[in-house]
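Look at the two complexes coming up: subunit A is in both, with subunit B in one and subunit C in the other.
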Partner chain A sequence: MGHSHNTIAFHQDKCDGCGECMTVCAGAKSGTADTLHSRLKIVPSIAANDSFELALCRQCGDPKCVLNCPSGSLTKNHKTGVVPWDAEKCVDCLLCTVGCAYGGITYNAAAGHVMKCDMCDGDPACVKSCPTGALEYNRSAEIYNNYGELEDLFVPGLAACQGCNSELLIRHTMRKIGSNAVVATPPGCIAGMGTVGFNGKTGSKIPVFHPLLTNTASMLAGAKRYYNRIGRDVTMVALAGDGGTVDAGFQSLSGAAERGEQMLYICVDNEGYMNTGMQRSGSTSFGSWTSTTPVGETLHGKTQDAKNMPVIMMMHNCEYVATASLAFMDDYYEKLDKALAAAKRGMAYLHVYSPCPTGWRIPSESTNEVCRKAVETNFVTLWEFAPDEGLRFTHSTDDPLPVEEYLNLSGKYRHLDDAQLTHIENSVERKVAFLNGFMLATSDDGAESLAQ
Partner chain B sequence: MEQTKYLIAGCSHAALSALNSIRMLDQDGSLTLVTKDDHLPYSPTVLPYIVSGQSKPEKVKLRDDEFFAQNKVNFISGAGLSTLDVDNNSVTLQNGQEWQYEKLLLATGAAPAIPPIPGLTDTPYHVLRTMDDAVNLHAALESAKSAVVLGGGLIGMHAAENLIKVGVQVTIVEMRPQVLPGYFDAEAAKIIEQTFIENGVAMRIGNTVVGAAPDGEGAKVSLDSGDEITADLLLVCTGVAPVISYLEDGPVETDQGILVNDCMATNIANIWAAGDVAQAVNFYSGEKSVGGILPAAVEQGRIAGMSMINDPAINPYPGGVPLNTYGFFGNQAISVGVSDENALPKDTEVLLNVNEEEMTYQKILIGEGCLLGISGINTDFDPGIMWQLVLQRVDLEPVKEEFLSNPTDTGRDLMSRTWR
Partner chain C sequence: MPDAALTNEPKSIVCDGNEAAAWAVSLAKPDMVAVYPITPQSSLVEYVSQFIADGKIDADLMDVEGEHSVMSVLHGACLAGARTYTATCGPGLYYMFEPYVRTPGMRLPIVMSVVTRDGLTPQSVWGGQQDAMMLRETGWIQIYCESVQEVLDSLIMAFRIAEHRDVMLPVNICHDGNYLSYGVTKVFLPEQEMVDDFLGDKDTNWHVALDPDRPMSVDPLTGGEGPGGPSTFVRYRQGHCAGMQNALRVITETHEEWERKFGRCYAPLIEEYRLDDADYAIVTIGSMSGAGKDAVDVAREQGQKVGLIRVKTFRPFPMEALRNTLTKVKAIGVVDRSVSFAWNCGPVFQEIQAALYQLKERIPAISFIGGLAGSDITGEHFARVIEATGNQLAGDMTESPVWLNENE
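Now for the complex of A and B:
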C-alpha cells in the first residue's frame, strides 16, 4: 500500500501502427518474430483513419485477473507493481482472461498458455523499439516513492482549494530541499492556505515568514547574507505567487537578481490574484476572464498579453532559470536539482505554471490535464537556461496540438471570439519563435546548427 | 463472547474478494475469517487438477499465513458457522466459539446436490467440491479402473477428462439432451461431446439414472433405457445447492439461495451474502437466480465488501451473466452471455461460423445493436472485453461489420477507447 509504480504510457497521437513493438516483444519474450506471441497488441482504430489503439496489461493496482485465478499463479507484486504469472502453478483455465477488460492477459493458442506483459524487469523492450515515442516508460512513480519517504515539512490540513496543485508543489519541493532552509511566503495563495500558520501556530516545520508583497527577495537576501557571515550554509527559498513576483515584488526581485543574491525563487503562476477575489495581474493571459477584466458588452476579458516573466529573469543572466509544470514531475525534479545547486552561487529562478481550478473555472479533477495540455499546445513551454549553457527546451515544441485544446478546458476562456483566438495563436507562435531564436543564439547545440 | 468488526464466513473467491475491498479502505478494523474446511484457502475450480495429480494441495493455496498476518486477518479454519442470532449480531461456530460481529458476510458457497436416486444413499460414491473430496478421489484412482460420472455439467466434464487422462475408463451420464447447457448451444455441445468420444469417454446423453446399488467395492447404476453400468467408482456431479443450513428457519430471506439486493445486502441489517450461496439478480431476466460461477463470486464479493465498508466508489451489481472458459483435450471453449437464441426475441441477429474440419465454432448474438452473447470453440476473443461490451450495452451498430468479422481486434479497439 502507498507505493507507486512506473508504467508504460501510450501516446495514441504518436502511434503510426508500424508494429515494431509487437515484433520486438515477441522476440524478447518468445524468441520469435511472430507477433502472435506479443504481449501487447496494437489494433487499428475503426473510429479514425490511421489511428491505433492498444491492448496491454495495465498492471492494475487491484487486479481482477488475480482474484479470478483459482490456482494462485497470478499475484500482485506490490514492490515492483508487476502482476507476474507463474507458469508452474497455472492450470490453463483462462478464468483470468474473463477478469480482464483491457485484453491485457490473453490466450496464446500456439503456446497453449495465457501470456501477459511483465514489464521486462523494469526495462521494457517495446518502449525502446518504438520509433515515434508513442510508447513511453514513465518513471515518475519512482519520484513519488523516493520523496514520499522523506519528511513532509508542512502541517497536514493546509486549506488550499480543491484541486489546487500548489500544495503538491510546495510539499514536494520542501521535502526535496529539506529542513536546512528558510522559506518566505509573501501574500498569496501559498501563505493564505496556512503555510505561515494560524492563531500563533506555525504551518510548517521550518522557519517560515510572511514578507510584504513587495520585498520578498530583499528580505531573503538579507537573511542569506547574515547566515553567510556567521558561517552557516542555509538555503533561502521564496514560494511566491505571480502577483508577488511579476507585479508588486518585481523591483526587489530584479535588484536581487542583478546583484546575484543567493536564493531559490519559485514563482507559482496562477495568472492572477486568485485568493483575494480573482483580480488580473501582469501575468494574466490575454483574453482571460477575471473579476477586473470582466466579460460584458464592451470588455471581453483581458486586453493585454502577459509579461513573460521567465524570459525577463533570463535577461538578468541569473545562475539558472527554468519553467516547469506539475504534469511533468520528473522534469520539475531535474530542474529543482539544478536550481538548488545554482542557488549556492546566485539567483535561481523557477517559474511553475499552476492552473487555478477556482479562478479559472476548471473542474477540480482536471488540473493536471490542464497542465499537460498547456505544454502540449505550446501555450506553456518547458525550458531551462544557464549562462554557460544557454537555453534548452526540455519538452519538444514541435508538432503542438491546436491551442484551443488547452483553452477549451478553462471557463475563463469560454467567451473568446475568433479575433481573440487568432491573437492567442499568434502570440503562442511568436513566443516559441523567440525562444527558438534565443536557443540557437545561446546554446552549443544551437550554435552548431547555426554554423551549418 | 468474542468480538469482531467484520466477520466473513467462508474463505474462497467471494470471501477473499470482499476481504480485499474491505482492506482497501479499512486496514485496521478487526476482521475474522471463519471456514468449515481445515485448509488454507483454495478454489474448488482447481480440484480436478488435484484429482488427476497434475497439481498438489500445497501448490494451490490462494493465500497463506503471511498474507493473513500482513492484512491483520484472524483466520479460523475447521470451524464453520453453525447458528446465527441476528438479534444479537452473533454466531456460534462448530467448535463452540461464539462471535459477535458488526458486519457479517455469508460466503459459504455451494455443496453438491445429491439427486433422489433410489439406492444411491446405500451406494459408495464420490463428489467433488472440497479439497478432502479431491484427495479422496485421487487416492481412489490408484485401484480404480473404471468410473461412472453422473452429470455432464462443468464439474462432471472436468472430472471425467482428468480421470480418463490417468487411464480410468469413464462413462458420463447426462439426463438432458446435451452437455454444458446454458453455456453452449446444442451444436457446440456436439463438438465437445464428439471430442470426448474420440478420446475414449463413453457418453450417455439424454439418459436418466433410475437406480443405484453397491457392486463389490464399486457401484452399479441403472438407466431409464434399461442399461446397467458397473464401475469401480461412482462420481456424482449433478449440480450444486447453496450452503445455508446454519440459517435454519431464521429471518434471513432465502429462496434457492440467500436473497440479496444489488449491493449484496440481505433483508437483515448488517448481513451480506455473496458468491455461490447468494441469489442475486440476473442481467438478462432481471429475476434473482443462483449462479455458481467463479467470476460472479469475485464480483459479488467485491461489491459486498465495498458495501460493508461504505466505499463511495461502489457501483451496484449489474446482474449475473453466464461466463465460461472451458478447456478440454487441448481445445478451448469460451462463452460469454447468452448462447442459445431460442430463448431470445425473434429479431435477434445470429452470426454462426463453423468449420468442422478445423474444429472451430463461433456464434455471436446481437439484439438491439448490442452484444447479447458470444461463444466459441478454438476461436479467440477476449472474454473480459466481451463481458464489458455486454454489461455496458455498448452500441455495436457503427462497427458491426468489423465486429462480426474480427471480434478480437474490434473489442480491443472499443475498450482501449473507453479506458484510455
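Now for the complex of A and C:
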C-alpha cells in the first residue's frame, strides 16, 4: 500500500511578504541571514496586487527534477516523501531546474550549485518562524498511513442513505478496535444499514449483535464481566444512536457508567429517530423540523433544547468522555485511542455529532461541510474530559462563525424565525460558557487561566 | 443435634422458601447473579448476596439499576458463556418484560425464580399468581412449587432442564409470595458433589455466542421479504416450539434422575393425589395444594370420593399427562390464584378447558378464584370447592367463576 506524506502548505491570504521565513531558512540551512541562500522564496504576485506567492519544492510524487537528473543526485524517498539532493553526485547540469515548474529547485550562483527544500527532517524552520500563520506544516494522511493496512471488519457495500457518514465512522472505528471485540448496535441506522446483517447473514467480521433499543450498555456489561471472570481481555463497544442513548437506553447506560462497567460506548447523534422515520428524540435540537415536530400554522419545529448528553455523562463516574465530529478525523482518532484505553478501566463515552442528509434535508455531498460548520460556529464543541485531567477543548471556541452559517445548511431549520434564531444563538453561547466554566474549574489549563 | 456427617443423614436446615432458593443457587454454582430487590423476592436476593459475600457462592454479583438491566446483563453474560440466575416478581417482572420476552427466542438457558405476587392495579405487595400467569405466552418454561423443599430441588433441576441440548430454554421456578417465600420449614440440603455430578458442566452458548473466537452475528433482523426471510423466521419459531415439547420429556427424565440420586420424588408435570378411585377432583397449582390435600383428606373421611390434581409444569402445557389424568374423574373444580380478565375465569381453568375438549366424554368444571393479594385459601374454602365440585355429579351446577374471598 502506498503512503501519503506531510507537506508545507501556503495560505496566500495570510502572507504579508515579511520574508522572515526566507531569513530563517537561510540561517538554518546555510548559516547566513542572506535570503539569497533561502530554499523558499516569497515573491510578489504577478496576478494580484499586494499579495505574494511561494516558490518552494512540492516534494512531488512523480518529480520531474528526478526524472531529468542524469547523475542520480536527486531521488524520491518514498518513506519520508522528501526529494533529497546529494551534492556528491551532482554534476551541476541544471537539468533539474528545467524540469521543475514551481521554482522548487534553483541554481544558487553564490554557492555554485542547486538548492532545494528538505523539509528540515519533518520540522521545518520556516513554518515555525512565520508570524502570520501563512505557512503551515500539514500532517496529512496519518490515519491512512497508520491504519490503512488494518483489516476492514465491516461489510463491503451497505444500505445507508447517500451522504451518510456513519459508514466512515463504522469502518474506521472497527479497524481501530480490531477483532478481539464484541460490538453492540441497537436498533437504529447503524444496525439498519447492515452491521448486524439480515436473515442469518452477518454484516461484520467480528461478534456483533442487536441489543434492544434499551439495554445496550447492560448487555455489554454482562458479557464483559464474564470475560473478566474467565481472564479474557475482550473489548466491548457500543455503536448506538441518540434515541437508544439519551432516551430509551439512558437508564441502562447511566447504571453501567455509575458501576464503572468497562466498555466504549459511542453515541452517533443525528438528533432524532432517523431510521424510524425522522421523529424527534431527546437529542433533537431546538427549532428542528422532524416528523413529530412538524412545521405548520401553530407549531414551528421542536420547542425544547436538546438534552446535553456528553455533559450528563461527565457526571457519571466515566473514565473518559469526549465529543467528536467526523470532519475532524485526527481528533476523533486521538479520542478513540484514549477512549479505548479508558474502556479497560471503566466507562468511556464518545458523543459523535453526525448529520443526517435525509432527515436534516441537506445535500448528500455536504455532510462533512455541515459537520465542520457545526464546530466552527460552536453549535457543536469538541472537548474531552477525564476525571484526573478535567475538561479540555480540542478545538478552539474563540471567534466562532455566526451560527446562521451552520443553520442555513440544513433544510430542517429553513422555517426558523428571528425569535427561534435568537434562542439558538443564546443557547449556543450558554453551552459554551458552561463548558468554559467547567474547563476553568477542572483542568490545569483552566487553573492557569484563573491564576492570571 | 447430631452432626449430619456422623449420622449419615442428609444435612437439613430450617429456612423459608427464599433462603431455600438461595441455597439452591449456591449449589448450582452460577457464574453470574444479577439482582434488583422487590417484595416478596427481596430476602431471596439478600440471601444470595450474603452467600456471595461469605464466599459460599463463587459468582459475580451484579446489583444493577432495575430489572430491565437484570435480564439484560444476564443475556450478555450467557452469550459469553456464563451460567446465570436471577429472581423477581410483580412490577419488577413487568419492568423486565422487554428483555424477558427476548430470552427464549435466543434460546438462552437462564434460570429465574418468580416469587409470585398479585398484579397491578390496585397496588398490592402480597402473594398471588397474576404476575407469573402473565408470562404464559412468552415461551419460557414455567414450574410451580408446592413446598419449600420443592423450591430448592426444582431450582437445581431447572439448570439441568434449561441447559439440556434438546431444550435450551429459560426456566421460571415459581414459588408463591408470602406462603413459600416466608414460610419456614425443615429442608434437606443436597450434597455439593452430588449436585455437581447431577448438573454437569455448564453448557450455555454452544449455539449462539458473543465470542471473538467464534465471531457471529447475534439476532440479526430476520423475516420480512428478503431472501429466505419468512422460512428462516418460521424455523426459529418451530425450533422454539420443538424445544418446549422436548422439555416435557426432559423435565420428566430430570425428575426421575433426581429421585434416583437424592431420594425425593415429585410428579414432574401433573401430580395426582388420591385420584385412583375418585369420582371427581379439585385442580390446584402452587402452595395452595397442601391445604387442598388436607381438605381432600377431610372430605375422604366424610366419604367423599374426591381427589386432587396439581399442575406443576404449566409451560410447556402438559396436555397429554393432563388428559390422561382427567379421564379418571367425572367432574372438576379448578382453583386459581389469578384472573383471566378476557375469559372471566382463572387462567389454569381456562387452559384446562382446552384439555377437557380432548376427552371422549365431556365433564363439568367450575372455576374458583381465591388467594388474591395475599388472602388465604383455607380448609374451609377448599371444603366449599369440594362440595360445589362434587355437586356437579348430581347435576347441581355452579356458575363460574366463584370468588372465594369476595365476602372477607
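Keep this in mind: the second predicted complex is superposed on the first by the 310 of 452 C-alpha atoms of A that agree within 3 Å, B and C clash if a C-alpha of one lies under 4 Å from a C-alpha of the other, contacts with A are read in each partner's own complex, and residues count from 1 in each chain.
FYI, a residue touches a chain if its C-beta (ideal position, glycine included) is under 8 Å from a C-beta of that chain, and two chains touch if they have at least 3 such contacts.
Nothing here was measured: the structure is a model prediction, and the numbers come from that model.
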First (subunit B), second (subunit C), both or neither touched by A:Gly72: first
Partner chain in contact with A:Val196 - subunit B first, subunit C second, else both or neither: second
Touching partner for A:Gln251 - first (subunit B), second (subunit C), both, neither: second
Which of subunit B and subunit C A:Ser218 touches, first, second, both or neither: second
Contacts of A:Ala55 with subunit B and subunit C, given as first, second, both or neither: first
First (subunit B), second (subunit C), both or neither touched by A:Tyr226: second
Touching residues on subunit A, where the partner in the complex is subunit B: 1, 10, 12, 41, 43-47, 53-55, 62, 64, 67-72, 88-89, 91-95, 97-103, 106-107, 109, 112
Parts of subunit B lying in touch with subunit A, wherever the complex brings them together: 13, 16-17, 20, 24, 27, 43-46, 49, 54-55, 59-62, 294-295, 298, 302, 323, 325, 327, 330, 332, 334, 336, 378, 380, 382-385, 387-388, 398-399, 402, 408-413, 415-417, 419-420
Residues of subunit C that touch subunit A when the two form their complex: 31-32, 34, 60, 62-66, 68-69, 72-82, 98-99, 102, 209-212, 214-224, 226-229, 232
Subunit A residues touching subunit C - in the complex, by the definition given at the top: 179-182, 191, 196-212, 214-215, 218-227, 229-230, 234, 251-252, 254-256, 258-259
